[in-house]
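What follows is one structure encoded as structure tokens, with my remarks underneath.
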Amino acid sequence: MHNSNSINHLASFATIDLFRQQRTGMPEIIYAASKTTAQTIAIAEHILSHHRRVLVSRATAEMVPALLAHFANYQITRGTADRIITIASPDSQVVAIQAQVGIIAAGTSDLPAADEAATVCYELGCQVHRVTDVGVAGIHRLFEPLRQLLLVPVDVIIVAAGMDGALPAVVTGLVDVPVIGLPTAVGYGYGAAGEAALGTMLQSCAPGISVVNIDNGIGAGAVAARIARLAHQARTKETSQ
Amino acid sequence: MHNSNSINHLASFATIDLFRQQRTGMPEIIYAASKTTAQTIAIAEHILSHHRRVLVSRATAEMVPALLAHFANYQITRGTADRIITIASPDSQVVAIQAQVGIIAAGTSDLPAADEAATVCYELGCQVHRVTDVGVAGIHRLFEPLRQLLLVPVDVIIVAAGMDGALPAVVTGLVDVPVIGLPTAVGYGYGAAGEAALGTMLQSCAPGISVVNIDNGIGAGAVAARIARLAHQARTKETSQ
Amino acid sequence: MHNSNSINHLASFATIDLFRQQRTGMPEIIYAASKTTAQTIAIAEHILSHHRRVLVSRATAEMVPALLAHFANYQITRGTADRIITIASPDSQVVAIQAQVGIIAAGTSDLPAADEAATVCYELGCQVHRVTDVGVAGIHRLFEPLRQLLLVPVDVIIVAAGMDGALPAVVTGLVDVPVIGLPTAVGYGYGAAGEAALGTMLQSCAPGISVVNIDNGIGAGAVAARIARLAHQARTKETSQ
Amino acid sequence: MHNSNSINHLASFATIDLFRQQRTGMPEIIYAASKTTAQTIAIAEHILSHHRRVLVSRATAEMVPALLAHFANYQITRGTADRIITIASPDSQVVAIQAQVGIIAAGTSDLPAADEAATVCYELGCQVHRVTDVGVAGIHRLFEPLRQLLLVPVDVIIVAAGMDGALPAVVTGLVDVPVIGLPTAVGYGYGAAGEAALGTMLQSCAPGISVVNIDNGIGAGAVAARIARLAHQARTKETSQ
Amino acid sequence: MHNSNSINHLASFATIDLFRQQRTGMPEIIYAASKTTAQTIAIAEHILSHHRRVLVSRATAEMVPALLAHFANYQITRGTADRIITIASPDSQVVAIQAQVGIIAAGTSDLPAADEAATVCYELGCQVHRVTDVGVAGIHRLFEPLRQLLLVPVDVIIVAAGMDGALPAVVTGLVDVPVIGLPTAVGYGYGAAGEAALGTMLQSCAPGISVVNIDNGIGAGAVAARIARLAHQARTKETSQ
Amino acid sequence: MHNSNSINHLASFATIDLFRQQRTGMPEIIYAASKTTAQTIAIAEHILSHHRRVLVSRATAEMVPALLAHFANYQITRGTADRIITIASPDSQVVAIQAQVGIIAAGTSDLPAADEAATVCYELGCQVHRVTDVGVAGIHRLFEPLRQLLLVPVDVIIVAAGMDGALPAVVTGLVDVPVIGLPTAVGYGYGAAGEAALGTMLQSCAPGISVVNIDNGIGAGAVAARIARLAHQARTKETSQ
Amino acid sequence: MHNSNSINHLASFATIDLFRQQRTGMPEIIYAASKTTAQTIAIAEHILSHHRRVLVSRATAEMVPALLAHFANYQITRGTADRIITIASPDSQVVAIQAQVGIIAAGTSDLPAADEAATVCYELGCQVHRVTDVGVAGIHRLFEPLRQLLLVPVDVIIVAAGMDGALPAVVTGLVDVPVIGLPTAVGYGYGAAGEAALGTMLQSCAPGISVVNIDNGIGAGAVAARIARLAHQARTKETSQ
Amino acid sequence: MHNSNSINHLASFATIDLFRQQRTGMPEIIYAASKTTAQTIAIAEHILSHHRRVLVSRATAEMVPALLAHFANYQITRGTADRIITIASPDSQVVAIQAQVGIIAAGTSDLPAADEAATVCYELGCQVHRVTDVGVAGIHRLFEPLRQLLLVPVDVIIVAAGMDGALPAVVTGLVDVPVIGLPTAVGYGYGAAGEAALGTMLQSCAPGISVVNIDNGIGAGAVAARIARLAHQARTKETSQ
């Protein structure tokens, strides 16, 4: 900020990353909500000069047309409400791994968060299996799609739910794979910001569920992707690290 | 407190109760938690000199043996953990009404609250139908008992649940009668005092559910009893007031 | 989202609804707040191709003129602040049932929520009796209108109140029918989002009240409608299910 | 603590109190909850060597018999649950002032806090007029005693209430004198620690009410006493300071 | 809402106000925040057809010019940030009473709330004495103005403060008249919505303070006005009711 | 409760568990906190008549000696503070699976929760690798033990932490396997009940972490066990269900 | 507000500041968020007529161009997102003191708050050393820049962090100088407003850290400046006051 | 826990502490609250075999006599309510440094926390200057002792306060040295657990204050000690690290 020589900006020294020589799976993601359109485009271009694919999460309504225009020569895939956008070189491809992820969204309002999660898993190479609109208000509708997920079989299931947030606990009680609860900020009144959904998921009677923060679809996808990669490595005799 | 004549205790004048000439159904209940054993016994005796039955809620562990001894000549019925105790003249009987109440407890920890509700309904004359231990951790176990409740058919269902508190929303989505959510203070960590259960019930996606406060089994029973009496009066052509 | 064949969208299989062959009363409601005008109109049209009446709740200010124009050939009934809008075929009629619902709004600010509740009850066929602007700041004004409600007699009373939220407790203490507390997000400072009103209703000294979430007029109406239908069925010898 | 001369305890210098040459009314009060019995007795003796009367609030159950024995030669007046105890020289008297305070307790559970307030007002010399057990669960019972308070007439009214805490708002809407809301930690579940009562009082629709903290009967009494003294001074032509 | 004759609007019957034949002091106030400009003007006109003065609180920025234009023939007095506006007939006058109110604002950000309180007191006829910008960040600046307030002498002091909200406790410790704490929603971070100020005022070590809700300047003024009128009545031998 | 034939206890019908023919891994656990010693022993005996091993969590101090005496002929393994106790037939053995779980406890106060998790994983057959006392107050001490965990390599890491709860985020940033944050109720003041630790874990900057509720070591172990079993099945070519 | 002579504005008397004859270091700061552009410019001009430098914090987007234009003849230095702006006479200079402050920002989102702190320290004359983007998601990157800060050596370190807020605890464990935690309102979901970061900093296991309120960069800078001045005075033999 | 070789306890490898070759000042402290008497004594003995002095914080009432008996040959210094106890070899001495710390306790209830802070500072070698019982309920009493603290002059001031917690803000406005706010869990009702005091300190209008967690006297002392050591090093030309 100040150019005065009384403020020293210490160089960000190259540090040897002993623990992760290469990140094997987590795609590059730009969190656009706190950036200008120009900044977002510049960062995306910079990443695309090194990688062939980049994700943009939480682009504002103003930002989207500019992104589409600027990256017209790229493959663009847009999640619900544009909450996650994939920009990919036309000839780039995701390298598939031997892993299956199930993603259940309780209602259509939960799709933006669920799409964040799905995109992260897809970019890692997972097969993603989606189920939508099977909330607890008509729980009997859950069984057939859930049975199909188990027939795949999926390695892990993400369940996104707002309002009462009751679906993940129900699913956890019915399956044996790891379940990731993804509460969403859908509702009104007491607990409207997603904390009712978060609370019920943390209190789940059924052991085998863990949760991420409200609306943190990226986080849910990252956890599922780590689990999926573990399964892939076990299947292909790769070592875990 | 002060006997000084500078503090006047205004007499509690008899007031004409325009709205409720006679309470038709709500039994007399002594809230014992904030009373001594002697006070509780004295009040119970006073009530039994006018009524033939009295309920004692939240008696302390010390209080119970004294109550049992003192009222040895009465019929005593004790709810789970003695949270509600009925003291009745040996020859007294509840006057049955034409109304059916279903009460579901998600787990055994929810029984004290559920018993409070059941006792209030029973004292009013309702037929009470109980289901226990059918939480969402194994939701498929819910269906057969619930089907039986609907075959009665019940007029109203109380669902007591702690931890994730997800059961009432599931039940509401499966039935068409009024559902009363009764959250209980069972759980630990975030939301342990029952507020996670309360939150999920207030946020229920399924319309048709209302809630009472955490652990307020008396209140849940009172609401159910008002609904049941309404049905009874409609069936027997009584007027509502 | 992704068209890639590595994401499978499991078909939403037809499921046999064992518990509710036909929903007998709850009207179709579109929650418009999270939808575009085009989406809302499309869904309304779709519903109107199967049903003769549809409700739209929480339409945005921008949406209302478009709805009015698009459905100019329909009967339109608008609640306070357009929070609930009924779109009905000109020749459609609600099938009246033998049930009476009382709805009390403490102040004019509580009317949007109260109108949601009233509309749901009306659509089910209930007779709805309204009282407005009788808050506890002048409690004596409550008695005459409340006496009239009891003379109807009403089967159930919804009481909407924000700010101190004290009215439902007062009403519950004066009547014997079920009371549904509907807290509203009216107020400022501590408890401004309706949680003070919610808290006082949950803590009500008078047994016989249950509550729905803040501003959830739809939910309050749905509970009242279930109770009303129960009374209707009892009066007309229908079975409950 | 340390006797080492490296820790200096600065003397508590005599300071000239420019604003209050003499406190005219607030009695001496010992907050016993965080003291031992020996400390409490020692402090009480010290005060009684300078004043003829002292109050002890929140004495523990263990402490009370010791106080009674030690001060056997004094007049002892005990509030509900011994939450406030007056120890007075046998020949001491309160100097009456021309001021009237009304104190309403919604339920018997509110008496300990109400007694704290009453005692503070009494010690200042106010006439205190008490009304008990007139909660909103039967609001019609309030009117006659309240009318009598207004006939005194009282200068200020304290209203103690727990649970729903709705009574102070109702009273404020019916009278024109200042009302002090005194929420109590009575209740269970959501808002059980008195915050539901506090919230509804702070949100009161009726202007003319202010509140003190939960269970702060001493504080409510002190405010009422300041108001009462103001009225007394105005009546007797004293100046306010 | 519905014109259907199946919804009855019970007439708001004239009720005899046994407790307050005439409100002697509280001015008419329109809460404009939830009203349109047209509604606000219409209500103001209606009130001015019966009274000679009316207050408008929380007028929106859009509303103010329209009010000024519409009531150009009236005396208009505007509080800070137009949060309270007085519209008075040119020849109307406030009837002075023998009562003095002190109002201290800790900072300039607290002026909108303080002005609400001042206006209510002024309209009742009180002499109002203002002190501004004497927060605890330089507590020594408080003493001289406070000394002057005590020389008036004032009957009651309102202290408005946001941020740390510490000033009311300090003032209460220095004076003997009733103090009303008025917390304001000024600050950021933890406690930013005024709850830190509210909390510290409720916890005040100095007995003699009561509080109103955050930013509730109207309420603070109403309490002060009730106290002031009490003093006035005592001075002029009027009875309290 | 009531033996009266007006309360029907619907039989808990045998239901066909379509989704989990056999739970493959989750051990039987008795939650002893809400049970009497007699009940706990009876349930443990009942389970041991069907299984060879049972876990008892949250046994009270009174309960432990009775358990040790009653099951003197069994192998007893006790976790820190007896929060989890394993009772096993002398000749019973855990069936090892090919899976490795790392469990890090930030401090010794986190050991009871960490031991719950370790025991669940051990009972499933996982190899469990423990690291203790490596909190962020000396973060450099973390690296060597963490490097060793990665050399195993572990399939999943549980990190238990109270107080600041910062360790799981740090670990997640250094490894690529799934991390499960286990907040503990260790600390004092603001956030003392574990909610500060929970909050920081939910907000973790490093993607790849999910959390369980405060002190829910059983839940953390169950999630880890599901992940471990997935890896085992992939390695041994079993199918997931 | 009212011009009526019934409202007296007590003159703000000159008070002798016994404790701080001259503030030695804290620069003049205008909090612009609650002011109009005209007010901000007027106040800045007023200050610049007495001082040569002034800071403007939290200028709105609309305000900045007007400030730049109006003070075109001054040196303008702008912090990230213009949250703090320095306006200085062209020939004015900060008087350097012998003190070194380190400021670490966990991420780029924390820069606005960190810049507030840096500017306050710079204006006092401190040497400021900045490190940016070293959050716990890759904690190994922290060590080299931190080692350089310690080689300066710095007298105090401010650590700004949002999201998990874990960095200050880590830094405190690695250094021996005072650390000031500056939580920022960066994040979403549970704890999104900065309270998760605040909580973890208050709970820090490592002794030697104190915190300021969320986003209070001015406050963090002021504390660091007081510490730095203390060190300067000790080095230059000045007395502390 | 398990001795089975399927659970490996990774050795806690010696790690080279690059940043702090020797901690220069922070004394060894045993947090006794979560330990048994035997454990506490064993740890104290272990530390005393390497150091000549050890602190025990939060010893339980049962633990104190055992400590006194066991270490009868040592110098024992006990803080208020035994919340901090110093055990020192008879011939050990604290090495004084050139630094002065002021510690103000608003009331006697704040002494346990203040004593924790004082002891930590004393053990580091600071001169500690204490002021007690100068809360804002009589703010004028603060000035003379505060003036004396400034005459020392002190390098830093810790201010411990519960209830309204207003004192630290007042002090910060009157002095120029760093102030550390130490909120204590003293009070009742809203904010009783110290969060009202914490909130008002975080919101302080006066810049120059930072805070530690509620009742964290150890932490306050550690921060003050780091500041004091900085001043000492500056005075004696030592380098900071």
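Observations
For clarity, chains are labelled A, B, C, D, E, F, G and H in written order, and residue numbers in each chain start from 1.
The criterion applied here is as follows: a residue touches a chain if its C-beta (ideal position, glycine included) is under 8 Å from a C-beta of that chain, and two chains touch if they have at least 3 such contacts.
Note that the coordinates shown come from a computational prediction; the quantities given were computed from them, not determined experimentally.
Between subunit A and subunit H, the least number of touching-chain steps is 2.
Among the remaining chains, those touching subunit A as well as subunit D are B, C. Chain centres computed from CA atoms place G at the largest separation from subunit B.
Both copies, subunit B and subunit F, contribute mostly unmatched positions to the interface they share, with under half of the numbers common to the two. With centres taken as mean Cα positions, subunit G sits 51 Å from subunit C. One inter-chain figure worth recording: subunit D and subunit E are separated by 27 Å, centre to centre, where each centre is the mean of the chain's CA atoms. Between the CA-based centres of subunit A and subunit C the separation comes to 36 Å, rounded to the whole angstrom. Under the contact definition stated at the top, the residues of subunit H that touch 2 or more other chains are 18-19, 138, 140, 143, 174, 189-192, 195, 198, 202-204, 213, 216.
A list of each chain pair in contact follows: A-B, A-C, A-F, A-G, B-C, B-D, B-F, C-D, C-E, D-E, D-H, E-G, E-H, F-G, F-H, G-H. Partner subunit H is touched in their complex by these residues of subunit G: 18-20, 23-26, 143, 146-147, 150, 153-156, 174-178, 180, 202-204, 207-213, 216, 218-223, 226-227, 229-232, 234-235, 239-241.
Within the complex formed with subunit H, the subunit F residues making contact are 77-80, 94, 96, 109, 115, 118-119, 122, 126-134, 138, 140-141, 143-145, 148-149, 186-192. Subunit E contributes residues 1-2, 4, 6-13, 15-19, 34, 183, 185, 194-195, 198, 213-216 to its touches with subunit C in the complex. Interface of subunit E with subunit H (complex): residues 106-107, 135-140, 163-166, 169-170, 172-174, 187, 189-192, 195-206.
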